[in-house]
């Protein structure tokens, strides 16, 4: 079992729906420790990403992922735009020439993407950012690989790891992004970007699982 | 029995206290159908009037009343400043050369004052202004004169007439001043200027009665 | 009441001290009685122009004192007309021998106090003309009201008359010009929220979350009626229709369009309002030849806006474009 | 949410249409991607200066496009940094062959998007320098934060660098000047009320009737801490002390003092604040040589203010005084 180009299209379409559905919730989280636009930004960006893919023929996974990245960069703005944009652009580059991604291939792609996010945003684990959801997800994929787990099982485990990482942001004091301006007042709130990242991986697990 | 210069001083001092005490209430009335400053304006003006009298020697009633008028004109502002200022300036002129005012003398003075208010503001009875409290007070004084009533009794009757006139402004639609901008919405509220005029006459009755 | 002030009773005086400290190059401040005077007043041979009114409408009027606009302004207490002695002081301070124009907004308090001041000034031998502005179409001009209020057109009249005075036009000419501007101008305003005066500490009226107040004045008075809050396009349609049909403004007219913020409405919204006004007037064949957008005649922190239209001709346009250098309005 | 708008999602675009209709003589508006460009751009041989950021801070930045200030501004969605393609479009539109300066406020979003844009512009052979402003002393500049926010000094840097560019200073010189201004400037802000973005419809934070939020940014973020609201003198003492001691500003220094309204605070209160600031600085032997008072970098309808001080020298003063002709700031 593996991730095909149509799986990617389905994943992006479903994620756009999930973001729209959780838009208000993401805004609320960002209002508490930021400026209240994360939900709006991601919703606007994912709608553009879906449009972009609809206008794109063919089964080149790298092309699809890069198209999503470009759409996010040019429509999301804020911190999340360049960061999610880079995530997808790097995943695309890492998948060049692949017709489909097996567990190892997907793990490599996601790892490259998260490396890109960190290179751009300079966030370390524990800084209370999307990285706190993304890095555990990569680690979980690697463990699953070790265990020779099936792809769908591995995706579920990476989504669970992301959820755990997201919840772990609650007590943290932010050290990156807008929330860091609050200092101690940022503790006790869940990071919006970590939340949208968990949603991203949960949706993929659901898509592949289906 | 008659109104002496020291009665006038006592009246003005007590009225200043009454206005300070009712400042918030006058503001509230003016907020409903005006701009919410009548209490503040009258309070500021009466404090100045008291200062002015404290700095003024002697027992010339006309001089005292004119001094109050000048103080009000130069410190109250708004519609009430020129109107109450004119009221006292005209009362002063009408009392020229008098060491004290008997009932007839006071009736003449108040009548002259109200004439001045009407000449300046062009308000007719029923326009929902201070005139609706002042004119009945003059009429009541004249009646009392006819009945050969005592001064203190006459003053009480003129204060009662002013109160009645004040209450009668409640159902009226304002045709003068700021309240007239509200049209029908001005009905159902008591006029702030009529209220401060009633207070003025009530205080005089109380002063002379004491 | 949440305000950046010290003592409520000291607001006007302390703001004057701030203005004096900030704009000493343009204006001079007199405190007893309170007057803001152009630094180089009196300008010999020039008609002096003064205005005044309650405070809380800043930058009007004090912010418009300077070359090309007012020679002096009399700030009253918040929302309270100033007193005759302030106006007399201002009149004497700006009389350069060519007489003094009093621009008076039509409110009973302003009119009565300016009347007393004009009498006193004439007693002192100063030639004075008073023009009363009354451009607010929200008020019926009838025997049953104090007449239409003076609102947005006052700012425009101060600019245009100021330019004419700089050209050494006579008092009669400047006064006539002021009447012309007032006669060709109309305004109407609305509010999304009330305001709170330092003196009262209470909201000037109550308004539900989905309501707006139409036909408000500039003193936090309630308006003519309230309605459900609609989109900006409807609000503009409502105000502009009343304005355009009152004068009336007709197809082919060239206008100065003034979108004024009441104080608490963000500039981004005023530009949305201007967009709607521009579309509205285009639809009626009326051309916006000049415009002014921003907070110029305010009601403290009230959220809302007013629209003012002035029918232009070449002369009025030329005078509008003439240089002005004041803290509140600059034309280079 | 009470706003003079149509569709929340359409606010930025419709405001741009209003700006285009109002200021066509000064600026040109591009819609896809959204950029406000100086009407006569690119000016051959002149360094182009662009800035950008979320909308809701008007007049910043779009209101500062024009002769003597910015060549272009990129408006993002409300409180959301614009995107690299907007910045690339702006950079190309204003490049007159002398290179382009990006003035970037220090927010993660602004910095990351401008970084991507600069890379893309360089790929197209345009010389770009970026200067990040970070004058907000409310934020500790440490490894544990995204660093200090760029606030009030940004407006001043745009004015001063704009003047230098008009004098045909080189990109390196203008960029260095921008660093100098940022280095000699400090700011801090406070809020009496939150603001409501059209997108969220909810207040950005809750504040009791007797509380104020100290150390706020310009995006409705909560501040560093909240306190009981005191008199203006205390508020100013609080902000100015933090500012003065940070640089530090010392006795004998000459400064530009910028009292900025967050949007919902009446001008009369800003003058009271200026009065207090003037007294505070006098007390420390610091001379206010130039000043700016008003709503220039706002947070929608938020009530509150920020104070910015810039240490001046003759050259900076001369450039501050140089002519500028923009919708939001005019120097004659």
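Going in written order, the chains are labelled A, B, C and D, and every chain counts its residues from 1.
Keep this in mind: a contact is a pair of C-beta atoms (placed from the backbone, for glycine too) under 8 Å apart; a residue touches a chain by one contact, two chains touch by 3 or more.
Because the structure is a prediction, the values reported are computed rather than measured.
Asker: Minimal path length between subunit A and subunit C through chains that touch?
Answerer: Minimum step count, subunit A to subunit C: 2.
Asker: Applying the touch definition from the top, give me the chains sitting in contact with each of subunit A and subunit B.
Answerer: none
Asker: Compute the distance, rounded to whole Å, between the mean C-alpha positions of subunit A and subunit D.
Answerer: A distance of 32 Å separates the two centres.
Asker: What's the distance between the Cα centroids of subunit C and subunit D, rounded to whole Å?
Answerer: Centre separation, subunit C to subunit D: 29 Å.
Asker: What is the distance, in whole Å, between the centres of subunit B and subunit D, each centre taken as the mean of its C-alpha atoms?
Answerer: Going by mean C-alpha positions, subunit B sits 55 Å from subunit D.
Asker: Residues of subunit C that touch two or more other chains: which are they?
Answerer: In subunit C, residues 78 touch at least two other chains, as defined above.
Asker: Do you know which subunit A residues sit against two or more other chains?
Answerer: In subunit A, no residue touches at least two other chains, as defined above.
Asker: Have a look at which chains touch which and call the overall pattern line, ring, star, complete or other.
Answerer: The chain contacts form an open line.
Asker: If I apply the definition of touch given earlier, which pairs of chains qualify?
Answerer: Applying the touch rule to all chain pairs gives A-D, B-C, C-D.
Asker: For a test of understanding, state which residues of subunit A touch subunit D in their complex under the given definition.
Answerer: 27-28, 31, 34-37, 40-41, 44, 73-83, 120-121, 173, 175-178, 180-183, 185
Asker: Which residues of subunit C touch subunit D in their complex?
Answerer: Listed in rising order, the residues of subunit C that touch subunit D are 2-7, 11-12, 14-19, 21-22, 55-56, 58-59, 63, 78, 192-193, 209, 212, 229, 231-233, 235, 263-275, 278, 288, 291, 293, 295, 298, 300-301, 303-305, 323, 325, 330-332.
Asker: Using the touch definition up top, name the residues of subunit C that touch subunit B in the complex.
Answerer: 33, 54, 76-85, 107-109, 112-113, 115-116, 138-140, 143-146, 149, 197, 199-200, 202, 204-205, 217, 219-222, 224-225
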